[in-house]
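One chain, subunit A, appears in both complexes that follow, with subunit B as partner in the first and subunit C in the second.
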Partner chain A sequence: MWKYIAKRLAMVSIVIAGVTFIAFSAMYFAPGDPAEVIALARYGEDLSASQIGTLREAEGLDAPVHIQYLIWVGHLLRLDLGKSLVTSEDVLAEILQKLPATAKLAIASLLVSFLIALPAGILSALRKNSLLDRGCMFVSLVGVSIPNFWLGLLLIWLFALTLHMFPSFGYGSLKHFVLPALTLGTSLAAVTARLTRASLLEVLGQEYIVAARARGLDEHTILFRHALKNALLPVITFAGMQFGYLLGGAVIVETIFSWPGIGKLLVDSIFARDFSMIQGCVLFIAVLFSLSSLAVDILYAVLDPRIRYDRHD
Partner chain B sequence: MSYSILSIEDLKVSFKTSKGTVTANESIYLEIKEGEILGLIGETGCGKTTLGKAILRLLSGKAKLEGKIVYRGTDLLTLTEKEMRLFRGKKIGIMLQNPSACLNPVLSAGRQIAEIYRYHEGMGKKEAEKKAGEMLELVGISSSRGCDYPHQFSGGMMQRVMVAIGLALRPGLLVADEPTKGLDQDTKLQIAELIAGLVRKENASMLLITHDLELAGSFTDRIAVMYAGEIVEIGKTAEIISNPKHPYTLDLLHSLPGKGLRMVSGQPPSLVSPPSGCRYHPRCSFRVEACSVAHPGLMGPEGERFTRCLLSEKGRKKETAAQPFLTAQAAFRCRCEGEGI
Partner chain C sequence: MNRSFKFILIICMLFAVIGASACIGEEKDRTAKGAGSVESSQELVVGISTDVSSWYLNMFAAGDARFVWSQVYETLVRLDPDLNVIPGLAESWETPDDGRTWIFHLRENVTFHDGSPFDADSVVFSYSNQSYVRQAVLKPVQSVETLDAHTVKFVLEKPMPLPFYLTHVAWPVMCPGCLDAEGNFVKPVGTGPFMFETQKKDQEIVLTRNEAYWGEKPLLDKVTFKVIPEAATRVIALETGEVDMVIKVPEYDVERLEAEEGIQVHRKLTTFTDFLQFNCDNSPFNDTRVRQSIAYAIDTETLVNEVLEGIGKPAGGRPYSPVMMYSDPDLETYTQDLDKAGALLEEAGWKDSDGDGIKEKGGTPLHVTLIVSKGVWAARHNPMAQVVQGTLREVGMDVEIQVLDEGAISKLENTGDFGMILRSGYFVWGPYPKHFFVHHSGSPYSHYHNETYDQLVNAADMTVDTQEQEELYHSLQSFVIEEVPAFYLVHEEKVVATGSSVKGYTISSEDPWLNLSGVYHGK
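Take a look at the complex of A and B:
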């Protein structure tokens, strides 16, 4: 088990190393001289060549690229993601300040999706081809097809503008969670429900389910003790990856609902051409994503003994 | 005359498929006596497994079962699903084919045995685990391996776990479907001896489903031979082996390594549209014209023997214009004697 976790951790570090490289080079692929870009973001228009030159030296941008990269990585290792080009705030502090809002929304959305998807998927599988199954699968097909931003706008129109039940934007009370969490949760639920159904159907067709029935176990025990433990493995993988994605900030939904999370921070920084903030966000999101997939791998091992034990032990 | 623990009367099992109705079992009459081990042999796809699963009503919802399956006076086909559960595992144990597919990969072996005690006997966790450990010891596995998962066992060990599951509640009847399939010769014998030994010790009965004639020959009291969903011959093991009366049984015996290793020619027939007349006639080397027209019933008894062949002695008595059959029957006899069977 520990060996397995160590292996996964090593893989994750390789991925993160790759991400730092990409995040760093993105700066250089952006059109124009980085020094000019920084100067433009910091001081606005009308810069003299000497101003840019001073800035280049001050920021260490005159050193060779690989040295710059190593220096940058050195800072990263000390958890120093630099300062915002626009506000001069510490990038990491800024991101960490936005993290709780994003994390809470991610958890709420995941909860909403599970509350809808698991019962729907399980019932659909148990009553395969029934009216209920067809209904659930039709709704989920619609759910998969509706883009997030449109669903968000529809929910705002219905619950905020027409029924005045929930606020349409902002952050603070529990009520603020309802619409963004529903928007993210339902679209996630659509896929999760289909996956749960397909996975459970496959498991229910396995011989060990017949064997469990042959021991006289009732359908309830078979479903909860024998089938679901196997059927939920792919669902957990999917949900875990989605959670990682949500932690990175649901860019569109956070923007629509003015949710003060990482997604919105990223969008705002892009508009402000705040390159160090963008870089920091991308890096942070990538690390969160890798860590959540690591968590999924570990959870997977806890649930599936075939992964937990190496062949030779 | 000993009592029968299970008697199957005129059982028909059919499945509706897109290609038509598949009749996997037809007019099955079979009786298993108390304390008896009955072998059910036949080629792959002849309907042996279907029959085994039909006894415990484990076939999918698409299967249609007609007839009677009577276990100690109760017709299992009339029970509700809830009542049926009391028979499964408790009164009739079953070892399905292919243990690696039949054991749940994410549950430990011990737990898969223990849950039987918990469910049927209402035991607590500790007690059930203790009983499961005893059961493992009984089938030759150290009880400490109870917390191991199926993928950590070898094929033979997994089969032992299946034996422990099948016999956990000391059922009166064990249905063992190909319990030695895929095992090497030594392990095969060990497993067969283990199962037969435990069944005999408990004075239980067993239906041993196998395509392995040698195995059936050494471990059963009687043998039923199945072909294309029908029982074609049934009788005492020694008599079937030494004096087969149905041409198919004879051909099966000839396919044994010690008996010439001659394959049964031709392909097993389709169960969607079985051959007219006797189902074996397209592959039978003794066939006469009537075989392609008349479908023989199971004729007998001759002692304890029943045979589904127009050329069998009972059949000969029934058919009055018997000359062509007599000749063929004589040829059949000669060949049996010539082969020294």
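Take a look at the complex of A and C:
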């Protein structure tokens, strides 16, 4: 078990190292001169060649690329992600400041998705091929297929513009959570519901369930005490992965609802050509995602004794 | 399966969809007002697309920041809604030597928001060589000196119509009190009608009325700028009453909003004009006849009516928007004439010999690229580029549209590996003459090299005599029409929408400028 964790940790470090490389080279593979890109971000469109030259020296951009990369990684190891090219604020501080808003939205969305998906998935599995099942699965197919930006605007139109129930944008009170969480939650719920259904159907077909039935247990006990426990394992894994993904900021939804989270920070930085902020966000998101999938893997190993990760144990 | 269990499941689902939302939070939400309610307090909520990331003179106030800056900071010279030059913080100005020295007489009894007096020292502070404007635009300024407490002298290395330049809202007068003793920026302190109160990053900026304002006192107590990046959300927020005013309404929403009861849509031509810039260094656009042919081929009226929903004014090649000072009202612009366009191409040697609809010359087909920038202007420029592509196909030109990042565009500009670029007119504001520099050999954005043109631009920028300026700018406009270093497509129109209770708003032609002085909430 410990060996497994160590192995996974090593793999995660390799992934993260790869990400640093990609995030860094993005600046170089991006068309145009980085010094000019920075100058554009900082000074707007009015540029002179001498301004770009001064900036190139001041930012150390005249050094060879591999030296620049090593310097950058050195800073990273000291948790220094640099300063924003546009606002000169500390990148990590900026990201950490946005994290609570994103985390809160992630939790709320996950909650919404469970509240919809679990009942729907379980009902569909129990009433396999019934009208209810087909209805639920059709709705979830629609849910997967509707892009978030459209669903978000539809919800704004219905709940904000027509019914005046919730604000259409912003962050602050509980009411502000409803529409973005519903948008993210329903699209997640669609996948989760299908997964719950499939997993439960598989478990219900297994011999120990038949055995339980043969012992005369009622369906209620079979479902809740025996089937669900096992059926929900992959669902939890999936939810964990989704959580990692959501922590990276739901880029589109945060933008539509003006939610001051990491996703919106990333979009704003892209529009402002704030490369150090983009690098910082990408790195942060990648690290969070790797760590959350690591956590899920470990959790999985702890929860499911059938799974032997370490064959040499 | 038993009934109660099913019942619980269904309740769960219902709870998730409706219950979770409807009964959450009895707390009162200030922002969700509901349409049609009339505010008793005089607070104006304005929806803008980007936050203010810089408040200090060492940086350029990009994007919508300028709408906020124009409430807090003021300039020495101002423009009225119709772009006439009027006094700002300077009451009057003069140049004793035809534009090399400018003396500004400052308004007295003006105080900054922190109570300190506005005087010549603060002007020197604002236009020091630390300032963005000195580094980027006003490079000919040699020194800024105080003559007495309310008189400032600018000395330039060559004559320049300096007052024009000083109308720009991103280069205002700031109080030295913006900085602490160590020289670090603390908070924005200006002389404007509203004072900075708070800023929640990427969410909102709150300004309060400056009770000591020297000019017409604002009627509003408070202005809140809400940052809403998504255009569709911004418009909906106006419709729900969450904001009172939206700046930069998308073209496709205008007709709908105009029809909506209670919402007022304000429109006015700005100084911005979209243009198609040619790479005049390479074939085929090094031939003036090819550029003229394009000017005859493109119907700018179609662009406005079909692509931009009638918002804007067809330019037909005219570089200066009709609202601008020195825009030549008698300028002969282009109207579509496909036969003439085709004939000009044939005259230049481009003929369709193999009958495939694309003209050739010496075996090379007439294939050109049209670059469109990604980013804020893309929504407008992409469909415009497609119409241009379709039209030019009719005269035998094969246009390939490339949508690229700014960095990629500047790389292509350096190598000269492009045909045309669709650009927005952000190079120009007010009566400021800088726009013609875009085709001047000295500009990094220029792909046109013509000595006569360069001389005309230099002469116009160094003249302070208004009569002479007018003549020079008129000849520059005719020059652009004849020689077509770029073909000017659409004079942009600015669209601001306000809610039912907002009264007294006057839209200005100056693009990044917002005048709230007469605005109030009423029935």
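Quick notes on this one:
Assume the second predicted complex is superposed on the first by the 296 of 313 C-alpha atoms of A that agree within 3 Å, B and C clash if a C-alpha of one lies under 4 Å from a C-alpha of the other, contacts with A are read in each partner's own complex, and residues count from 1 in each chain.
The working rule: a contact is a pair of C-beta atoms (placed from the backbone, for glycine too) under 8 Å apart; a residue touches a chain by one contact, two chains touch by 3 or more.
Since we're looking at a predicted model, the values are computed, not measured.
By the document's definition of touching, neither partner reaches A:Val65: not subunit B, not subunit C. In the superposition on chain A, contact of A:Ala212 is made with subunit B only, not with subunit C. Once chain A of one complex is fitted onto chain A of the other, the partner contacts of A:Val112 are limited to subunit C, with no touch recorded for subunit B.
Looking at the shared chain after the overlay, A:Thr221 reaches subunit B, while subunit C stays out of its contact range. Of the two partner chains placed by the overlay, neither subunit B nor subunit C lies in contact with A:Leu158.
In the superposed model, A:Lys229 makes contact with subunit B only, not with subunit C. Partner contacting the larger number of subunit A residues, of subunit B and subunit C: C.
Touch criterion met: A:Asp304 reaches subunit B, while subunit C stays clear of it. Judged by the touch definition given at the top, the superposed model places A:Leu96 against neither subunit B nor subunit C.
Taken together, the two structures place residues 218 of subunit A in contact with subunit B in one case and with subunit C in the other.
Residues 30-33, 36-37, 40, 42-49, 51, 86-87, 97, 112, 115-116, 118-120, 122-123, 126, 153, 156-157, 159-161, 164-178, 182, 185, 218-220, 223, 255-258, 260, 264-265, 267-268, 271-273 of subunit A are the ones that touch subunit C when the two sit in their complex.
Within the complex formed with subunit A, the residues of subunit C that make contact are 1-2, 5-6, 9-10, 12-13, 15-17, 20-22, 24-25, 27, 29, 31-32, 34-35, 50-51, 53-54, 59-60, 62, 132, 135-137, 139, 200-203, 226-230, 232-233, 236-237, 239-240, 242, 375-376, 404-411, 426-427, 444. Those residues of subunit A that touch subunit B in the shared complex are 206-208, 210-218, 221, 225-226, 229-230, 303-306, 309. Those residues of subunit B that touch subunit A in the shared complex are 53, 56, 58, 82, 85-90, 94, 96, 98, 101-108, 115-116, 119-120, 149, 151-152, 165, 168.
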